[in-house]
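Pasting a structure here, questions to come.
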Amino acid sequence: MAPMQLKAEILRRETLAPDLIRLTFLAPDLAAAARPGQFLMLRAGAVRDPLLRRPLSIHQITTSGWVQVLFKVVGQGTRLLAALAPGQTLDVVGPLGNHFALKSGGNLCLIGGGMGIAPLYFLARELQRRNPPERVVPLLGARTAKELRPLADDFVALGLEPRLATDDGTLGHHGLVIDHLSELLVSGKPWHIYTCGPYPMMRAVVKLCREQGWHCQVSLETMMACGISACLGCAIPAAQLDGPYKHVCKDGPVFGAEEVAWL
Amino acid sequence: MALSDLDLSCRIGALTLQNPVLTASGTFGYGREFESFVNLHRLGAVVVKGISLAPRRGNPPPRVVETACGMLNAIGLENVGVERFLAEKMDYLRGMRATVIVNILGDSVEEYAELAGLLDGVAGIAAIEVNISCPNVKKGGVAFGTDPKMAAAVTKAVKGATKLPVIIKLSPNVTDIALMAKAVEAAGADAVSLINTLLGMAIDIRSRRPRLANVVGGLSGPAIKPVALRMVWQVARAVQIPVIGIGGIATAEDALEFLIAGASAIEVGTANFINPRACEDILNGIGAYLEANKMTSVRELVGSLAV
Amino acid sequence: MALSDLDLSCRIGALTLQNPVLTASGTFGYGREFESFVNLHRLGAVVVKGISLAPRRGNPPPRVVETACGMLNAIGLENVGVERFLAEKMDYLRGMRATVIVNILGDSVEEYAELAGLLDGVAGIAAIEVNISCPNVKKGGVAFGTDPKMAAAVTKAVKGATKLPVIIKLSPNVTDIALMAKAVEAAGADAVSLINTLLGMAIDIRSRRPRLANVVGGLSGPAIKPVALRMVWQVARAVQIPVIGIGGIATAEDALEFLIAGASAIEVGTANFINPRACEDILNGIGAYLEANKMTSVRELVGSLAV
Amino acid sequence: MAPMQLKAEILRRETLAPDLIRLTFLAPDLAAAARPGQFLMLRAGAVRDPLLRRPLSIHQITTSGWVQVLFKVVGQGTRLLAALAPGQTLDVVGPLGNHFALKSGGNLCLIGGGMGIAPLYFLARELQRRNPPERVVPLLGARTAKELRPLADDFVALGLEPRLATDDGTLGHHGLVIDHLSELLVSGKPWHIYTCGPYPMMRAVVKLCREQGWHCQVSLETMMACGISACLGCAIPAAQLDGPYKHVCKDGPVFGAEEVAWL
């Protein structure tokens, strides 16, 4: 599906936690085309500073043409996006990039850390349609309960049973989300892993998957100037280190763990 | 008056472009990347990503960083190489009836000439733009574009290897850009385009490391427009050949400034990243301005600055 | 650790400044203009507006125009002249216990030397900063700062006329700024400061006239920071004398980038217009960074870039 | 009074007409120090683009420490100022520049065009305190009634009787505000004129004053980078054309008409 450039009306702005924002906007064509794992390049308005669009994953779409993004306010770009009120317009380019391969059957595990959870919700919904809920296991981690609870609740509402972890122990396991992986190991079953989150988390997940021979799809982030494969700025080293670079906005953001280098 | 009644055409050497809005090399991929945003055949020309003899993998990441109203890039001239470019990219562009200008780069005068020769006579290629902001490997890595003699040598070699119009793309990282322009004009250039990026740098104060793996990179975007415009004005007054203005052009107003300063055409770079439709928006805006000012040809505007 | 426990001092030739935060010439008046915003005695130094032998009325208006994250100015070096400066401005600065660096400019090598001589031995003047971005009237108006020989000649002449430390302020409008720095170092400069403004231009598309009466002007502000930082890094690696970083510094983070790149001190320019308290804010921010990073001296930071 | 730099809380934002905004903020020290004719350099927040502060005249102050500015939204700087909501902070430097000389006695006429009316209101109030209302005659002009009425009403509320003019005839005289000057001429009295507005208007006023030998104070505008006499960007030619330039932010914004060149 070719990406489009459009002005979408903001329908809702929710502050899920301090600096954790969910924007809902109307973009039926985009909603119809979007697949889990894809992302958008967004701009709040015609400001020249910050200059570039900001990449955000597609968090959710509805059949009524609503699209959602979920993001943390970390700098000026996300601050301007967070300031958009219902009725204002959002400048959107997308859907961009490839998407998660949707498995039917097997044991599926979604491992999300922090804002990496954003694309996993869309993925979880699509997987849940194709698989019995007990076969779709989300492991979700964040810094603190305030951040994690609203996200976790959405997964529960899908009929899934997320295992939770927080850095400060205020919700779920006190520690890292990957600590939950031992449960998967114990099950003795082969798992298909989907993961998105901080690089160290994903690297640990990938290491375990390699040891266990599990298939693993990772969604990567990098600095992006264009998102549309024009600038070549989003290069990352491929598994074969002296080969050509991979480009996250075109070859990704979803990669098979074995395609890219883990440094 | 409809846009179609306006004469937007401009001449670059023997080549007539239907309008003065071109894409800047390295910011528009090989054209296809923009197929769902822009009608490629409506553009003055598509200047493709810089092509070298052999494919190049470019610099390690991070390659881009945002700065105040601008960005730094150190892509390192990643490209598919001339062979794959001709085999894989040209068919599509021909099919779209795009006017194609191929931007080339090399490590030596000979490489530039060889590349120009390989492009000569290829159907669908309208002109060659020569990026001379590259290091001359044989001369200790000094950029061709910072030395009038080396720039002239590249120009002569390329002109000798092709019948296509040759545009020399000038580097702004020089004391006297008009001098550079005169040197390549004397060496036979059909046109000059400017500016390429300004050399810049950014540091992460937490890690105390450069933000670009390559340490330095090229600054582009609105931040550099005043410098670009000044250089275009200086060069347009110094040479007889057409000047193509580049640097921070994001709106029709920006483009008009360059035309008024003396540019016969302009290239849109970084703005394509932010507004993938930028080239067509700018084209429409130029038309609207001409109409509003009761001009029938864009050439009435070129160099019309009253100083 | 209190700010007072940190060693923020830096050396510029024989001169020790209490901290590395200076004001950039032309953006801080003669100091007094900021008396209600900044404690002048807390600053590393106050670099005053450029002074010439005779008073200058400067360029006709318009003299300033805003650009993307920057501004162009063509003030034309308006100043009260050295006589009135010494008679009317120095008393106040001495009274405030400010460390004063006088920025000078001239039309000829002789003028620079004469000025330096007039400032030599004046109580309260700690150093001279020489603006060489001015046209050499005797050499057809080429800027002193674009030619290593002319820059060296000015440096020698000034050094010969004063016992004060001499800082040569470099122009960024050159191909190789490290070459310029080496030339003035060899000629005896005690330090270099950079960058002065980048030459730029803006056009009003309605009137089709330049936005500045002087047509071209100097670009300053955040837009130029990446270029300035790159040049400071290049120069710091090329010379042994201290380097003072200037260009787009608006926050402590900006200043830290320059220090890490190799600047021993920094000057705050355009930011003073927007935040008249900028110098003190930056000074406090540098202190906080040193504390947070458990450094006791700002010199641990200077040139600490890991490339 | 030395200028200060402060963050002031926005108390009220009024949209008097489309793109005509009046902001009220709390700044007691500023209010205590301000004199009619002075201006402020304002910034809505820490954006880098537009880079510079925006100069706006002091429109009104109250004894309770409120300060008002009145402005037209013409570009990005004023747009950002207009977007400030009550409770947010405004970044202020001021009071800046010199001020109108306040006359007691004589026949005083205030001639304002467009946003030039903004400083004249503060001036009118101070004059009205020192003079019988019938001796203070405001002539006010604007493009259209929508713009002029709210401003004119304020002068009426002061007990003055403004003569009005609009370019489109929707309020008061259909034409230029300076057409009202003939009334002053007819009176045969000598007038002291205060004027602020578009340059052509002020030039015409100044010409008449010169012919009649009336004293005239003008408030001028120019591009300003700093407003605090540091950049020397605000130069304008003095009456003596080859002499030193005047600087609007320091020598002005109020000038005796005879001090500056009228080109």
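Order of writing sets the chain letters: A, B, C and D. Residues in each chain are counted from 1.
FYI, a residue touches a chain if its C-beta (ideal position, glycine included) is under 8 Å from a C-beta of that chain, and two chains touch if they have at least 3 such contacts.
Here the structure is a predicted model, which means the values were calculated and not measured.
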*Hop across touching chains from subunit A and tell me the fewest hops that reach subunit D.*
1
*Which other chains touch subunit A while also touching subunit C?*
B, D
*Just curious, how far off is subunit B from subunit A if you go by their C-alpha centres, in Å?*
36
_I'd like the Å distance between the centres of subunit B and subunit D, where a centre is the mean of that chain's Cα atoms._
47
*Out of subunit B, which residues touch more than one other chain, so two or more?*
68-70, 221-222
*Give me the residues of subunit A that touch two or more other chains.*
48-49
*Which word fits how the chains touch one another: line, ring, star, complete or other?*
complete
*Considering the complex alone, what residue numbers of subunit C touch subunit A?*
68-69
*Show which residues of subunit B lie in contact with subunit C when the two form their complex.*
67-70, 72, 146, 173-176, 198-203, 205, 207-210, 215-216, 219, 221-227, 229-230, 233, 248, 253, 256-257, 260-261, 289, 304-307
_Residues on subunit D engaged by subunit B in the complex (per definition of touch)_ = 48-49
*Could you pull out which subunit B residues touch subunit A in their complex?*
26-29, 33-37, 49, 55, 57-58, 60-66, 68-71, 73, 75, 78, 221-222, 250, 270, 272-277
*Would you mind writing out the residues of subunit A in touch with subunit B in their complex?*
2-5, 43, 48-53, 93, 222-226, 228-237, 243-245
